[in-house]
């Protein structure tokens, strides 16, 4: 019996072996290399990490990255919550349609969505032209090439990542809780605040973690809509490596971003069920 | 990663890649090129791994530039004409001959490139390291190349500039010099500058009153550099940066910016693409920058073939065709007179335009780029 | 319309209608509920009983009709202003609050002082014998314990009416029986009006003061448990509440209070209360299986062949074949069986004259 179950186990290992090999070759090993380079180029030692703390633009870039990710997260949570709540409180026949609309943007690349925003937000873009045409503004609003444009577009990209965990959470909440609260004398608002909202917190925290972590690594959107002034850390890494061929600093920044992200996830692990957030979504 | 100290002596490879993109846009007809496989391998840095003379042989001359349609233009204007003249097959590889790749190729002993489109910075460093061959000026006539752009290990092949461009329809008055560009009060509107510091501190220095020929003197010490950086800090609220040549073009096309410091080759395109009267360029206080041919040691076609090609490429008529095709200024002083009347004002290397420009100084960047770059980024984001 | 009789109605339902598309969940319901009464809404699923309860609670709005609470119209009042206690089918204890937190929730909403709340929470927990569970979270409790807490929470703010939506349906049979006694006991102690929804006829019969039987959104019959059981008005009620044999009979003669009937080639008298009898020639009779006696051949009037037997301990169920009646279900107490019926064997059976009930024609 034991021998039999071992061979069964062995069979499963063989099944995941190709995937594992690909991960090791194309993901883990390059990561190890990157880690190595950060300590060895141009000289062995901790120079890259020391200069990272000394460098004002790098510090600023980290601050910008965390700030933009945080603001994006907050907006995604607010809007994602409203959308999810609407989906579960609308007529059941529209639920499928609404979920499809939420998922639709996944079929468009981030690049295309960013260009779409450029068309909308430009100085002579759709929004400014329309507002100008109806006489609401007499000179174009600065809607992009700044943090506003970056965050707007990032919220757009990240919104489904906020909606899905919140929606999954709301789906599991029995509507009789709210009825019970109403029946016990709570107003609609009070029932929401005291009974419904606390039960959606796990979904909200999952969504927050997912959006924040993904936002930390954003590159295309800030590069296209930030006008060069919203320099997030992954763009800075590209800049160090492509522009300056500065592999040492570039890799050490990558390692720092990786560690910062890991720290965020570990800290969040105290409040969020990580397994559910990353593996059992939707 | 084989870069180490090579890194900062290197020329502006971004410009060269951009030159490739330009013709891509210009000659939209796309034909599949025969040697795209080689180009791809080259782009991945794999060519040197393929072994000695695997891909080149003495019966052909391999020119290397930065790909895109610039590859086809080089093939057509310089390569095919030389093939006819010398009776040797000429192929162009668009792999991008960065200093690091040339070094890796020469050091591995598997040289497949004959003549590379590089820049003066790389020419000097590669030569000093014994990686490239000296130019044989008995074959290449120095008189066919604008003074003083001939060096021991390389010579100018074309010119481009960082120029002041404007969209007059978005401005009350058109800025004539960098001092005007920094005057956001009288010349309101967004400005675009390059994301990298290269070619950007010179305009700032000139805006502070440095004459074109004094720019690098002005930037010669820390105080000068910090002053130039401060100029960017002063106007950063008005700045949108361009990370690529095509982006600089887009910013003008979409009227996102009214003023910019962009490559003359992109200006060359914009003059045709923008509506009449909505685009101007001046070479006044421009930053003139040459490209350079270099020849790796042990090149397969031999030194003489390489030198004879370089001499051929200096032909003024061919150089004018190059300008017409994609905007780079001729390296041969005799070419300026042959440029058609309507393009004369757009030639970065004409005597009139050279007179008002400063010349990009690779040595200065080799010394200062790394920390100037950091200060520049800081000025724009912090 | 029968009223509770003993007291003024605390809650009146008038002309309640609620349609979901083609489905008539409530189709003109009129009902008066007496003060302190234990009233059960009984019916199969889809009969409208839960819709009626939810409408009373205020979670479902009526298409037409009105509710009056002690004469005051509460039809349009939101649920939180009706102040009815409610116990949900799945208990609906707030999972983010402790037991005490759940029970004090309605008291905090009513701005009771902390001391009052503490005292009342303790009192309520004692009432349901859950004193030692105040600080537990709901997911740490068993189903029965959750049920007790839900009850304590619903009663904590001293509502005059308690609404219970199939509160025992999720529990196992034995626990359910225990809780039935406890609920009845609580009702007696508190003198609160209970409106209780169930689809379980035993539960309805054992606990209620009065039962309302609903089907297709309409009230079929209202009455005391024994009244409904012994004097069903309709075939539906007779069939739903317990089991019945149905006999179509021809009325041959009317003899005072009794009817001389003929059915399946047999003649017999029907003397049961026949308030439903409207003088027609043909009637439908309901005959409870436990009213039929069986005996050895010749001891009773009719003869049948045993088709099937089912031994249930205290009782034995038989299906007899009779050439005229067809299959007849008999439920006989085992201790009084004088014959041991074998499948295929012949037995005789009969019933008293008052065993049959005349049913009104079904709508």
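Per-chain residue numbering starts at 1, and chain names A, B and C are given in the order in which the chains are listed.
The definition used in the following text is that a residue touches a chain if its C-beta (ideal position, glycine included) is under 8 Å from a C-beta of that chain, and two chains touch if they have at least 3 such contacts.
Every value quoted in this text rests on a predicted model; they were computed, and no experiment measured them.
Undergrad: Starting from the Cα centroid of subunit B, hunt down the chain whose centroid lies farthest away.
TA: For subunit B, the chain whose C-alpha mean is farthest off is C.
Undergrad: Chain with the smallest distance from its CA centroid to the overall CA centroid?
TA: A
Undergrad: Measuring centre to centre with CA averages, how many angstrom lie between subunit B and subunit C?
TA: 93
Undergrad: Which integer distance in Å separates the CA centroid of subunit A from that of subunit C?
TA: 56
Undergrad: Please tell me the distance, in whole Å, between the geometric centres of subunit A and subunit B computed from their C-alpha atoms.
TA: 39
Undergrad: Touching residues of subunit A toward subunit C in the complex: what are they?
TA: Answer in residue numbers: 174, 176-177, 179-188, 190-191, 194-195, 198-199.
Undergrad: Help me check something: in the complex, which residues belonging to subunit B touch subunit A?
TA: Touch list, subunit B to subunit A: 1, 3-5, 7-8, 10, 14, 100, 190, 195-196, 236, 239-243, 254-256, 369-370, 373-374, 377-378, 380-382.
Undergrad: Quick check on the complex: what are the subunit A residues that touch subunit B?
TA: 37, 41-42, 55-57, 60-61, 64, 118, 122-125, 145, 223, 227-231, 236, 239, 243-247
Undergrad: Could you list, by residue number, the parts of subunit C that touch subunit A in their complex?
TA: Touch list, subunit C to subunit A: 57-59, 78-86, 88-90, 92, 94-96, 105-106, 109-110, 153-154, 157, 163.
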